[in-house]
Every structure is written in C-alpha cells, then in structure tokens.
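Below is one structure, written out as structure tokens; comments come after it.
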Amino acid sequence: MKFEVQLASPAGTRNYTVELERSGDQWRIALNGEPVEADLVEIAPNTLSILLHGESHEIRVTRSSDGLLKIQTGLREFTAEVTDQRSWRGRRLGHVEAEGRQQITAPMAGKVVRVLVKSGEKVEVGQGLLVVEAMKMQNEIRSTKSGTVERLLVQEGQAVNASETLAWIS
Amino acid sequence: MKFEVQLASPAGTRNYTVELERSGDQWRIALNGEPVEADLVEIAPNTLSILLHGESHEIRVTRSSDGLLKIQTGLREFTAEVTDQRSWRGRRLGHVEAEGRQQITAPMAGKVVRVLVKSGEKVEVGQGLLVVEAMKMQNEIRSTKSGTVERLLVQEGQAVNASETLAWIS
Amino acid sequence: MFRKILIANRGEIAVRILRACRELGIRSVAVFSEVDRKSLHVRLADEAYPIGPAASGESYLRIDKLMDVARRAGCDALHPGYGFLAENPALPRACADAGVTFIGPSAEAMEALGSKTAGRQLARRSDVPSVPGTNDPIETLQQAQALIENIGLPVLLKAVAGGGGKGMRVVNRLSDLAAAFRDASSEAQNSFGDGRVYLEKYLVKPRHVEIQILADSHGRVVSLGERECSVQRRHQKVIEEAPSPLMTSDLRKKMGDAAVRLARAGGYTNAGTVEFLVDANLDFYFLEVNTRLQVEHPVTEQVTGLDLVKLQIAIAAGHRLPFAWETITPRGHAMEVRLYAEDPDNNFFPSPGKILSRHAPSGPGIRLDEGVYEGWTVPNDYDPLLSKLIAWGNSREETIARLRRSLEEYTVTGIKTNAALFRRILAEPEFVRGEIHTTWLDELLLRKHRAPTLEQGSEDAAAIGAAVWQAMQNAAASPTSSSGASEEVPSRWKLEGRKQQVDRTP
Amino acid sequence: MFRKILIANRGEIAVRILRACRELGIRSVAVFSEVDRKSLHVRLADEAYPIGPAASGESYLRIDKLMDVARRAGCDALHPGYGFLAENPALPRACADAGVTFIGPSAEAMEALGSKTAGRQLARRSDVPSVPGTNDPIETLQQAQALIENIGLPVLLKAVAGGGGKGMRVVNRLSDLAAAFRDASSEAQNSFGDGRVYLEKYLVKPRHVEIQILADSHGRVVSLGERECSVQRRHQKVIEEAPSPLMTSDLRKKMGDAAVRLARAGGYTNAGTVEFLVDANLDFYFLEVNTRLQVEHPVTEQVTGLDLVKLQIAIAAGHRLPFAWETITPRGHAMEVRLYAEDPDNNFFPSPGKILSRHAPSGPGIRLDEGVYEGWTVPNDYDPLLSKLIAWGNSREETIARLRRSLEEYTVTGIKTNAALFRRILAEPEFVRGEIHTTWLDELLLRKHRAPTLEQGSEDAAAIGAAVWQAMQNAAASPTSSSGASEEVPSRWKLEGRKQQVDRTP
C-alpha cells in the first residue's frame, strides 16, 4: 500500500509518501522512498507506539468531523490527510482561500446570548458577529472575511449545536 | 424478568430474588419481592453505578472461566450465580462436597519446578503436591483431599497453562 | 465531629471534599444534576441525590433542593466548595434555619467581607490599602462615567458577587464603557444570579498575590502565607504557585498582618483568601476577599503540609487551631496548572464531549485533583475545569521541571485541553525567571507562537502513524481483508467516497 | 552532567528513573524483552531497544546485550534500578570497560558490602552488631547442621546474592533443613543466577528497620533516616513507612552512625540501604546492605523532600552532597503499600493477565509509582509488582487514613490484586498502634479472617447489579431483544447450556 500523507500544523504543511507492507504483526515501511527501521504496535484503540531508529514515539489518532485526522504526539498536534496514492488528485490542505461566500459555524454547542450585527450590515474580518455561551464562558464568534452579512440564521436565546451554521458573509 | 442470584463470599452464601422491568433507560427493581428505590447506570463496560436508597455503590462484573460471575464492590468481592428463575433447579454454590475424585489444576500459567509426590503415593489434605513457578515466585500446589495420587499429568520443567489439570487424587 | 456532610457542589472540588470526609470517617453526601449522574463525585460519594436539570439555576443554585437533600439524608453539615452558592449569604442562613452547620464563615462575615464593595469599605477602615475605585455597585452608565473622570482610565468592571474572572471587563476607552458594562453585568447575572458590578482603577502590570487565612471560632486568625496567581488569561487564573517569586519575608509579614487584620475586622471564621495586587515597588493593594476555599488551595497544602479542607471541617465543628500552625514554615515550592476542556489553537473555545482515552501522570512530586475519568462525557453546562495538576519540588526550578515532565505524560483524546498552553508557558524564559504579571499571558498569546522545536523524528513518526492507522482502518472495514493483498481495492473506493464528502478545509 | 542514561530495568522502577532523567533534561534509553514491547517504560522513554526473549536470563540479565545498546544509543551512564543485575559487580565492571558511568557503587564496594557474608564480616570489623550466623556461604548440609548445633534453632537460610524475600527459608526443625536448603538454593539460582545461600540465627518477632544512606565520591556519607519494613509476607516486604513507630532520636542517631560507619569502611558511594533487625529492648543487629536503590525509597523521599534518583545521578556525575542535606529533618509520615498482581483469597497465587479497567486514586498526599496502564497485559515472566501506592500525612494516623481512602478508590478488573489485603491490614488495631514485627503479617493471615462488616446495602447492590448485568448481556446477545419481552426465551436456553458446562464449584 502506498499513501500520501499531508501533515499540517501551525508551523506549516509537509507532504510525505509512506509505503507499507504487512508481514504478520510487523510492518515494513518506506518513508519518501527510503526504507526506515520502525517497529509499530497498537497500544490501545487509535494509539500507536512507534520505535523509529530507536526513538520512542506515541501517536494518537482521531477522525474529526470533516473527515481529516487529528494526530497527537507527546508535544504537538497535526491535522493529517491520508490518501491512497492512486486517488491522489492534487487537492491540498489549506489551499482554499477565504474567498466567495463564507459560512460562519458554531465551534461548539451552546446558546446564542447576543447577536452583534444585523442582516445586510457591512463587517470587517475579525469583527464580532455573535456571542455564544458554552461551559459558562461567553465566546465571541468573529467574521472570517470582510464583506456583508448576507444571512443570519440564529437569534438571541437560541441553542445551537457544534458546527451549526450561524450566518453567511458574502 | 425474574432472576435468582446467589452471592458467595468468605462470609457465607445468600440467595436473592431480583425482578427487573425495563422502562426506557430506567429499571424498575424488586428485591426479594419488595420494590426498591434504585437508580442504575452503566459507567463503563461491566461497571455499574447503583444508587440504592441514596447510597452510592459501584459494581464491577467479570465472568470467570467456570461461567460464574465475580462481583467487585468497593471493599468486597463476591462470586455470583445468576439464573433465570424458570431454569432454577435447586443447585447451589458450595454444596458440592470434596468427595470422589479430585482434579488438581494450575491456578495460573507457569512452570512446574518440582514434583513432590509420586503416582500411587498416599497424601493428606493440604499436603504439597508440586511447585509451580510464576512471576518469579514458587507456589506450592496442595491436595484438596486426603487420598491417593491417582495420576500425575506433568513433570518437572514442564510449562503449564492456567486451569490445566496437574494431577488426580482419588 | 460531624457524622454526615452534604457537598453542595460537583466536579473536582466535590471529589476533593469527599476525600477529606472519608479520611476523617465522616459520611459524604453528593448532589447531582441530570447530566452529572455519571460524574466522579457521584461515584465516589457515600450517598448521592438528584437535584434537577442540567442548568445550574435549576439544580446547584437551588438552596431549597439542597436543604431538602440535607434533611432527607440526615446531614449535620454542608460544604459549599467554590463557585455556585459558596459566597451567597443565603446559604449559611438557610443552613442555620435547618440546623445544619455551614462549613464556612457566617452570613454576616460573608456580607462584611465577601461583597467586593463592602470589603473595600472595611479595608479602608482597617488600614489596609486598596485600589482606587467605587465603594458601591454602579447603577447607571452616567455614574460610571463620572467616576472615570475622577480616577482616570483604564478601569476594571467587576461583578459584586463574582469570582473566577467572570463578569469582569477592562475599559481602556470611554467608548467601550457601554458594551463592557452590559457584558459584565449579563455575565455576572448568568454566573452568580446577581448582575451588579463595580468599578476600580486598573493597575498596569501588577502581580496578583493572595494570602490564605484560617480563623477559628475562638478568636485565633492565622496566615498560611501567600500564593502568586499572576498568570491569568482574560482575568482567569491558570497557573498558581507558592511561594511567590517576588516575596520577601518582610513583605510576607506585612501582607499576612493586613489579611489577618481585615479578617478580624470582619468577624471572619473558617478558611478565606485575601487577594492583593502588588506593584513594581512591592506596594500592595487590597483587591477582594474570597470567603471560601479557593481553586488553588492545593499549592498552599503542598508547601505547608496542611489539609485545608480538613481544617475547614474542624473549625466548623468548633475546634481550636493549634498554636503550632501559626509558626508553620513552608517547605519547597508548589505550582498548579488548571487543565480546562478548551482548545488553545482555536481561541480557547470550550470543548465538551466524551473522553475517549486518557493517561494521567503520577510519580514523585505530582498531585492530581480531578473529577474526570476515561469514558466520561464532559458536560456543556458547567465550568470547563477538568483537572488541577499540582507539582511540588525542592526549588521552583525542580517544580517547573516536574510540571513539564508530567504534562508530557498527560494525554487525553476525544476532547481538547489547554495542556499545550502550559507546555508553552513553562518553556518561556520570562516565566522561568518569575517575571510575570496579570496581563503577561494575554500579551504572550498575542505574540506569534513558534511551535516547539521538534526533532524531525517526531514528525516522521506522525506521518507513518497516520498511514498505518489508515491502513488498519481499511483492513478492518474490508471483509476480505485478512490476507492483506486484496484490501487495497475496496479501501480505495471507501477513501474516494469519504473524500467527496469533505467539502471544506480548516 | 550526563547526556543519555541507559535504564537497565523494566516496570515501575524504569518509569521512576526515566522521570528523573526527564526532569534533569537527560535523555532516557529503555530496553525491553519481547513481552515488554508495550510496557509503560518503553512508551515513556525517549528511546527504546529490544534485548531478547521474555526469560530474564536471555534479556534483562544479559550484560553483553545491555552494553551493546549503550554503545549503539551512545549512552554515557547506566542506571540498574533494583533487582536483575543491580547488585551484580560484573555490571559496573562491564560499564567501566565500555566507558559508561555506572550509577551506583563501585564493583569493589558492592563486593565488600553487598554480598551478605562479606557484609557481615565488615560489620564485625566496623563494630556494628550483627545477627549470629555464618560468615561464608554454606556448601553442604552437614556444614549447616553443625552450625545449627552451635547457634540453635530457628535459623534462616538466605541467598548470598539475594533480596526481596527470594531464596529465603526459615528452618524450625532439623528435619526441614534439607528441603529448605534445596528450595532456597534453587529459588536463588533462578532469581539471581547464583544459588549460594548462608545461614543466620532467626530472631523471634524482631522489627525490620533500615537506614537510607547517601555517599558522594568526595568522602561525605550521610544518613537520611530510617524506614520500618516489618510488615512482610513470607519475608517479602509489603508495607514500608517512615519514620518507624518505635524510633527514638537516640536510636536513630545510633543506627544512622552505625550505617555511615559501615558504608565508610566499605568505601561505599551512591545510595544504599543498611538493614537491621531491632528487638524488644531496642537493640539492633546488622542484617545486610542493599547496594542499590530500594523498592521502598519513596517513603524516604516523601518525608525528606529529596529526590533519591536525581541524587544518585548527581553523585555518579561527581557532584558533592551539599552540607545542608546532612541536617535535613523529616516532615510528617509516609507509608507505601506494594500492589501486586496476586490473589489474596487464593493463597496469593500470581495473577498475570490483561488489565481490563482500572481507576487510580489521587488527590492530597497520594503518590503512585507504577508501570501499568489500562489495556496492558501483565506478563507472567517477572515480578508481580504493579504499583506502589504511597501516602503522606502530617501524622501516622492521617497517613493511614489517606492510604485507606485511596485503596477504596483503587479498582482494577481483569487481574487480581492484593489491595484487599491492605484494606484488612490497615484496619487491624495492632497495625494502627504500630505493634508490628517481621512475622506479624504471616501470623495475622493464619487467623480466621472476618470479612469487613459491610452494610446490607452493599450486598443488595451486588445482587441487583449481577441481575441487571445478566439482563443486559441477555439483551445484547439476543438479536430480537430491544423490545424487552421476547428476550427471556433465548437467554434461558443460553443459561441452560452454560450451566451444564459448569462442573465444579469453588
């Protein structure tokens, strides 16, 4: 099996090719074409222990709602997209610009305690649109682009779910 | 559903009748014919939290190899046999006497490091039959009855599995 | 001594209190809202009773329901923890009416010291310096504007009933006043059921240093020394330590004496904390009194060796503070980090949800006070505080090293936590030198964050791990997979299908 | 200071050592046998290398393989932990040859003090009283019999190379001598690769009190005070505490001086423990020196505030012990219980296997040193030690209360542990009064055990829980189950089938 792995973190984005061949419990692994000395076992569901040239690493994998993977290592976290190489179509993380209509979604479940803009109002990027209360904290939801509030889908007092669309900015 | 539950511990053996009726997430429960105020939820697989007349109890259940249940509470452990009442045939835990042929089994996996008796030898109840080493400790396996060593199934140096028959005493 | 104590709280502090009860041989009674049935405090308590829906206004803030449980379960005392009703004088009054001992100060002392404005008045009378500002709640915007003209900007709006950074807003420009007033007031109303706010001068780069006091009902009041809590995000403490890196024995004595004087003036009993700001000249200003146990009480426990919750119970039972405690000397250094269910990479948004797996650190010098466990779902309805990780060491340096080490061991999946924030803070040279103040962290977070230098090996391992995980998923999903070679075809189709569903990128 | 330390051990002590390395900024290198690939010490180390099959003779006892890893990974020091090769002088010799610093005493000091018989000779010369017995290993049964005629019964056979209760047998009757000699010798051979045993007078009801010493390479030797380890099962320590309940400051001084004298006489460096027996007259007798870190070192750490592993590393790196440590004063009381994978209801048989679930206690005064985690399989090939649960309190009473409380919180399923044994011991009035001796526990275990008085509620809950669990299992197993009513018929048949397989009762 050959996979393309794209790792994104605040430090940047990198691409890797990983070739895997399973023999019994072991994996034979090549990274970017070079065979690597790696010993890999599953410690718990979605937790892998990897000894890579002797270095002990632990990787925890969770699938996020958008289908990408979150990879936790001891000290850092990556977003990963893994694709079988034959289905690789040049699509890359982070290459979509904040252009066109932007959907503003709730980052977590909570209650809309205040709506700060009106439909049709002009907004700047970073301007507060609404305040959602969750876990006793009030969290301001900001515009991801400068433009016009095209549509407001919620009102004050309304409960919202995580990822629910709150507004459209065009 | 109506169950007979027999609880055994070093302190003795007691029988209970438990009637259960499920309504949604909740259970309606009668213990020995009396309805009880109990709130029961599953905390983790095989771990139940029970609020019984307000008292908070936690019960961990594991099925042992002989088909009986081990019930752990905070401070004590019981062996339980649960039977649907219609299949109840008067069989009770601890009522079988150490009579007839006795099977001596290994309590854990290990290595037989010494055999202390010979086939045909007379032994007393509690007399050491063999020594099994496991986890760096030597553990003497004793006879559960007075009688004769009918058969020895293992020899020194042999690895044994948990519950494997080591000898028969008749 | 008491026979049975009602713990009118939830989460880690309820667990902390019931542990003290158990060690004293006192039965503990927990209460829980509908979403807390599986919470750790319910599992560990001797008894537990439901008190209503998730909304705290319908459960943990309902004095009538608490008194009902106290009666039903036959409790002879009540511990309020922190937050919720802990600083509401109506609770000790209701306890008195029900014949239940309240583990904390009297309602009168709470009013004299706990209300921010009354506390300031008392401080003035007790010769304890305080920050310039109002002595009374603000009723109108005009009133606030008039005051600001007097003392100058910036000012801080604070909830009269509040604590924990809630209902608090800094005002730098007069034009922000109206919005800040509205927000602080509404947050205060939601958090404490009391929307009143007051106003004080906002000192620039001060340090937050607080004195822990204990007062028995026989007139003895002692200071257990200070905690420094200058590392705050949006006025919310996130790291606390004892001793304070700036402390001198002279300043400790002066601040301790001021705190004891104030407590005496207010007729205070039980455990309490007097909060001060300290400026660059080591001048200190009274801020407020917290008339209850603090979240950060463990750092004092670790350096003094005292168990504050047990002492609270003993004081409430009428015991005398032994004289020896007055001369207690702190040993070593302790530091606490507050692990919250929030996402530091995404503006610290709360992150409730199910804890899929976790590994908790332990070993020398490490204490963990928490109310969570693997498999538990962190509810959306309360504070996001998951765990308090507390390290003790012979020196501040050793303490920081132990915290770092234990944060590397700490893992949680399923929800986000702010553990990475602490890994960053503990590596900052300013923090390591102890050069911190109350806006230090907010300023740090505005600076561009360079990711920790990571050896390439760790990133390689992440790439390999992601690919192997995917291969294992494919194999598990494919019914004809076990032989290995045939698994690629179906898995490719699965990947295709999934990719088409992915219509946005983060 | 060192750059990279090889940890030549496994389990909780390997984790303990790598934590110290991490706090000091030193890279840690773990080794593992085939069955230890998923062990916690491998997961937490910076690097990890395989060293062969499960059998320790093929892995953890192979000096050549350890030296190979040290070379490959570029280690500049090696920590042996306890057990395995920790007291084998061949290891420091091999380290010296490979240019790797051994974190422990020199091979010569190990031989002068560590061998039980050489230690006794040196004690005699250093004016340290010791128990009557042989100065040399016993070679023949006749030799042993002759000695017994001299000093009288009972006597104790002990492994020359040993420790931890292994290779040890009490002989009460001359007729038991042959079997005891054979057993002790074979156990010693299996555990330490050295079957030699010696013999000493077996004191009746003595207390086991040991002195922790530290010696730097500049001639300073200090005593860190005592630990009492009288609670033993079959000569294996199960509870240790500091200070000893019998200790007086005069006795502490005398025993500390004797230990320091002996260490000096042997040219000892690094951490070591001098074990004594103390009789009813507070007379003490030298037993042996453990030339390594002890399992129970955390109790000394908790009362002194020192980190013994970091001090071991500093001493090995040539640092001086600061004078201040000589005057260190213990604070409070610490106690450790050793949680083993063994079944106290079934003659303490080992209980290896998979840990299906666990809840580890924490909170004030609790430290857990362990090498296990949920989902891990405890292998059959090594010591059954799972975790060391250590409590600290202001008094012995508070410490016991905290241990009890934390043992109530501690749960493990999948394997058996001896937690219930500690719940029993900690409730025994004799133990609570500190009236213990080295055979106290073995005698206690012969007495009929009354089960803890349990309120009826707990037993009712067990019965209800068992029935509900069974009903849930039935429902899950039955494909037509979700409506509830129809599930009884198939489940009854399942139960019938299962019942017929059950052909024995416990």
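Going in written order, the chains are labelled A, B, C and D, and every chain counts its residues from 1.
We take it that a contact is a pair of C-beta atoms (placed from the backbone, for glycine too) under 8 Å apart; a residue touches a chain by one contact, two chains touch by 3 or more.
Remember, it's a predicted structure, so these values are computed and weren't measured experimentally.
Is the C-beta contact count larger for A-D or for A-C?
A-C
So the centre of each chain is just the mean of its C-alpha atoms; given that, what is the distance between chain B and chain C in Å?
46
With centres defined as the mean C-alpha position, give me the chain C-chain D separation in Å.
38
Distance between chain A and chain C based on Cα centroids, please, to the nearest Å.
Going by mean C-alpha positions, chain A sits 29 Å from chain C.
Mind pulling the residue numbers of chain A that touch at least two other chains?
44, 55, 58
Note the residues in chain D that touch 2 or more other chains, in rising order.
If we look for residues of chain D contacting two or more partner chains, we find 44, 374, 408.
Could you classify the connectivity of these chains, where an edge means two chains touch, as line, ring, star, complete or other?
other
Run through the chains and report each pair that touches.
Chain-chain contacts present: A-C, A-D, B-C, B-D, C-D.
Quick one: which bits of chain C touch chain A in the complex? Just the residue numbers, please.
166, 183, 186-187, 190-191, 341-343, 345-347, 349-352, 356-357, 380-384, 408, 411, 413-414, 420, 423, 449-452, 454-455, 457-472, 474, 484, 487-488, 491-492, 495-496, 498-499, 501-502, 504-506
Under the definition above, what is the set of chain C residues touching chain D in their complex?
So the residues of chain C in touch with chain D come to 15-16, 19-20, 22-25, 44, 298, 301, 305-307, 331-332, 359-360, 362-370, 373-374, 394, 398, 401-402, 404-405, 408-409.
Give the list of chain C residues in touch with chain B in this complex.
Touching chain B from chain C are residues 29-30, 37-38, 42-50, 72-73, 374-375.
Within the complex, which stretch of chain A touches chain C?
1, 3, 5, 7, 9-11, 14, 16, 18, 20, 22, 27, 29, 31, 36, 38, 40, 42, 44-48, 50, 52-53, 55, 57-62, 66-69, 71-80, 82-84, 86-87, 91, 93-96, 103, 107-110, 113-114, 133-139
Which bits of chain B are touching chain C when the two form their complex?
The contact residues of chain B facing chain C are 39, 41, 43-44, 49, 51, 54-56, 58.
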